[in-house]
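Next up: the structures, one after another.
Common to both upcoming complexes is subunit A, partnered first by subunit B, then by subunit C.
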Partner chain A sequence: MTDRRRINGPPSGTRPAVFASSLKSASGISTGRPQRERQPNELRKLFLKTGLIPSASGSAYLEFEPSASLAAARSSPQSLIPPSSALKLACTVHGPKPLPRSASFSPNLVLTTHVKYAPFAARQRKGHIRDASERDLGVHLETALRGVIVAERWPKSGLDITITILEAEDDRWWGDAPDSHDAPWGMMNVLAGCITAASAAIADARIDCLDLVAGGVAAIVSDETAEGETSSPKLMLDTDPAEHKSILSACAVAYMPSRDEITEIWLKGDHSKASLGTDDKNLGHEALIDGAVNAARGAHTVLAEAVKESAERFAGLMLGGNAA
Partner chain B sequence: MASTAPSLTLPPSQFARLQPHAYLLAHLSPPASSNQPSIRANGRAPSQFRTTYANTGSLTHTNGSAVVRVGDTTAVCGVRAEILPTDDIASWSVSHSSSSNTNKRRKIIKSENEEEEEEEEEEEEDPNEESHIQDLNLLVPNLSLSTGCAPGFIPGAPPSALAQSLSHQILNLLHTTRLVRAEDLRVWYQPPSLGGEELERHNAEEQMDVDVDEAARKDGEVKAFWVLYIDIMIVSMAGNPFDAAWAAVLAALRDTKLPRAWWDVDNEMVVCSDVVGEARKLTLRGLPVASSFAVFEADAAAGWRAVIVPDAEEERLIEEGDRKGIQRRWVLADPDGYEEGLSQERACVVVDKVRGKTVIVKMEKNGGWALDGKELKGLVDVSERRWEEVKTILEQC
Partner chain C sequence: MTSTLPAVAIPGQRLGPIASFSAGPGTHVQNANIYASIAGPVLVDAHPSSKTKSTLSVSRTALRNPSAAPSSSTPPPPTTTTTTTSGPQPPKPNKPRYNTLPAVDSVVLARVTRVQKRQATVSILVVLDDSVSSHPLNPTVSASDNDNIEAILSSAANPENHSSSDELRFQALIRREDVRAVEKDRVVMDEMFRVGDIVRGSVISLGDQSFYYLTTARNDLGVVMARSEAGNMMFPVSWKDMRDPVGGGSELRKVARPF
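Up next is the complex of A and B:
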């Protein structure tokens, strides 16, 4: 059944373009994998700006710094296949607004989160209707934010948070077979970005929060060494899934630095096999969570700057309004 | 004394919310004594457009992309190209055999009097071939408003009537302007001639070459089409979404690069080359630019009256006012959300310039009777100036 509210393409469907270079043997292209050029605990830069969407009560735009390989591919393109991608998303907050008449009474603020990929956001074209993974992201985001907002200050009100992902992180390197990584690792990065952006947008909407919640990602990866063997697993912060051959386990957290509280943990993968060196006595998952928290601390500094900027703009507006 | 003062003065922002019509009217027709120029509430002159920014090619996973910001309205457009093999088109074998014959015939005629038709060729090019774009749905624009761009649009809900109508307007405009050439979207295949081995190898090389000359093409075969999925996300909505969306589509299509594609006989599929140097840009026909207008009436009740025939009394008053130099009606270019809410009548003019000559590609007006032929002519002039403006913006990005 075709969607009659949208313009549909050819009824027989279309196929994504197949590149000749990806048809060749896997050994031929394995050299092209982008390499991580950051230190294991070095984060990518963030661009975060609030208030770009005036019709919303609060808004934020977030962009990750393109990884070294992508930046190189942008400046001097060699291939039409992008080596990796960098997250770009826009977040809007509408509300607090009265709940519709039909809604039942709620003594607290009712939070609705909505995450949608643009059709052109990922390597595979996304549909117009939210799929399960997008709904899943929405639920994760909601749990991350619910612990932060002081909900009892707005009884009988609703707050809509909408995130449009213009460009998502890759789940794996494009040259890898689709089943070589078992999980969509890119979603973790997307979630961390969503949390940071939503937090900035909520602050921009001037809704009372306990703290600025920031998202962070850490992963245990085993990379390829020069000899083509896999090295011992290492803990890396803010991983770009395209840069690693195999991610054993990854963790995304939503973290409030000033209260040292975590509102959301999402941990995937098998970390039991990972022995992180002899000097590290931590269990795998604790090291992972600590790593993710550290990544979130890094994001928090950017977040604080963006919120400060938003507050200054608001103060300027108030001052200007009074003077006029 | 001090206590009464606050109740009498309202900050402008509150007045604008309480009495929007009076607020805008007061800006447009300031009292003669104040000596102020007539200006819109947003500080623009009536025929002034908002500042426009454009940026292209920033999205990784697209063949072409653009962000266009017109004032506070932001549209992001991404173009994705996918392959439609002709084997998948149900009616292809039937329709193709007839069309290819006529095509061949025409090609022969063309080669005979090629010299004098050199100039005309561009215009004359395949009226029935062009319909491929329309018949096979090779251009698929979809506009999404449910991005949280404005409070009215519920995210996750099916596209609103406005979003559907905008998508269709864009589709129609793409078809009527014939902006994208069907030739750019075809993937050709030259069957190797059954000569000696050397000839075959030569041919195999040639079939890889997309730029084979027209003469060689006529015994070629279309194996697939590129389908362009043009998705527009209105990220921020502050009035006049159509102009921004269309500008974004235009900028994205100008940025679009299609990889070199050929039919791979061994795999029986279309294969693309990822070499950047071999990718081709689309060659678009012209540069149609949309300009929208809204008509603001001094009489606040004008919109309520459900009269089909112009009210003679009202018209007489306006004409009288014109004579006295009192303006009762303003045509506002590029209305923002606030002005759109206050006006019933809209007009949209899409113009293009071909060799210095202005061509009206589309003209639409609805919702009232204020704009007559004379005023529409004026709007075309304004759109012409806007065309120059947009052209420089798009060429810079």
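Up next is the complex of A and C:
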């Protein structure tokens, strides 16, 4: 389906021009892969702020800290191509508002979620019409949020949650891209970011929730050592897919810490291989889920601070009066 | 007992056991504990008669009154039965607005968008909160509780703003038999409402998929603001008449008691 109302870009993806000077040798590519410099259980820093979009009833902006390689490449660029990318997204919540006339009576809040990549968000240009991956993310986000919202307190009304992804996570390192048919691992991180940002925006809109739901990602990766051998699979939290040659499996969860409940779980990849041949028997999907939950706990601390800041700003007069 | 309560709660934060509190708006109960479900300041509504448990709630609106904070040591806030007159006594405890959605029995202000023989269609502009509906005789209280009501009304009464955002507002119907309590069969809708009037009504039903149902069958319900055919704001002279201060002409309306 083509979009006739706009002037579209080229139908196939565009890629920034690769200049000869940036690829001095074949080994240049392999050494160009960014390396993870964090500990396996160390998360990237989050920036989360609510209430940035005044016309919406609730909004939030989320940004991941750029990984060390990206930060280094930005300060002293070796190439025009950034080695990795860091997630940036904005979430708006509109509502509660009346349902459209055609909709049937609903005693509950009707939740609709839209996830849209900006055309410039990924290395591959995204069209204006939502593609399969964006619809997929929207469905995952809806299941994650549906278990959190107290829907029966808002009869006959609808809630629209719209997420615009300004910069997406890479699915893999760009140098691997041409010959890789790997799974889109970056979507897991995007989903986790969407869940955390949507939770903050819903709290900002003062829609009743059971808890602040946070998203987290963990993955089992087998990294190459310097000699080119693959090491034993390891569990890593908050993986940046550009930093790993082979991700065996990954898991994204939406987790409510105060109730210890998971509202959404998304497992991808083959984790049977990971549990074989290692001394740690506990490296199956349960370890993967536990790792993702731990990553979500980390995101929740940031989320709680951001929501608290929003509530205090909201009740600023009252607190100021008490302090005086 | 209020010492352990946080001043500001976030969703999912435990506030207290259900044994010592009862759950109010903005909270939910899980495993015999009260948890906050929205972010905002925590309120403790202590009843003067200590038989009932005090109600914990999380406020949806900002508090303009520091004395309503949970750490206040002022005498317990008067309940809704002790109506304060609009004297020079501003520290009235500001009741948090429970819900921005219309519910059954909530009093709303709405603008008439269409008048038919059997019904009038209105779009709901604002839902007045509990403290207003409990003593609606006092218009100054209703004005002070929601700062933005006046702004909403003045912009809604302006003919230029009509039909600009009706799609985003809840629609409601006032049926002919719900207009007034007496002589229901003699009601002529054209003599009760005109398009553009601001009506105070009470919700009687959530209705069907598209409309709420309102009633104005009470003395304090009916048209509160109206413009004459000449376009001037009219003032009420009786329960069924409003007069244009410029032209002097009189028009028929189902008028709400103004005080």
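The rule is simple: the second predicted complex is superposed on the first by the 282 of 324 C-alpha atoms of A that agree within 3 Å, B and C clash if a C-alpha of one lies under 4 Å from a C-alpha of the other, contacts with A are read in each partner's own complex, and residues count from 1 in each chain.
Keep this in mind: a contact is a pair of C-beta atoms (placed from the backbone, for glycine too) under 8 Å apart; a residue touches a chain by one contact, two chains touch by 3 or more.
Keep in mind that this is a model prediction, so the values were computed, not measured.
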| item | value |
| --- | --- |
| Partner chain in contact with A:T14 - subunit B first, subunit C second, else both or neither | first |
| Which of subunit B and subunit C A:A103 touches, first, second, both or neither | second |
| First, second, both or neither for A:A203, with subunit B first and subunit C second | second |
| Touched partner set for A:K156, first subunit B, second subunit C, both or neither | second |
| First (subunit B), second (subunit C), both or neither touched by A:A214 | neither |
| Partner chain(s) touched by A:V190 [first = subunit B, second = subunit C, both, neither] | neither |
| Partner chain in contact with A:L248 - subunit B first, subunit C second, else both or neither | neither |
| Residues of subunit A touched, compared between subunit B and subunit C (which is higher) | B |
| First, second, both or neither for A:L43, with subunit B first and subunit C second | neither |
| Contacts on subunit A seen with subunit B and repeated with subunit C across the two complexes | 97, 321-322 |
| Complex interface listing, subunit A residues touching subunit B | 5-21, 23, 52-56, 59, 70, 77-82, 85-86, 88, 90-92, 94, 97, 114, 116, 118-123, 125, 128, 130, 160-164, 166-167, 321-322, 324 |
| Residues on subunit A engaged by subunit C in the complex (per definition of touch) | 96-99, 101, 103-105, 150, 153-157, 203-204, 206-212, 256-259, 304, 307-308, 310-312, 314-319, 321-322 |
| Contacting residues of subunit B [partner subunit A, same complex] | 11-13, 58-62, 65, 72, 74, 76, 78-85, 88-90, 136-138, 140-142, 144, 146-151, 155-156, 158-159, 164, 167-168, 171, 227, 229, 231, 233, 235-238, 257, 259, 261, 264, 267, 269-276, 279, 337 |
| Residue numbers on subunit C that touch subunit A, as the complex places them | 7-14, 26, 28, 30, 35, 37-41, 59-60, 62-66, 68-69, 71, 99-101, 167-171, 206, 208-210, 212 |
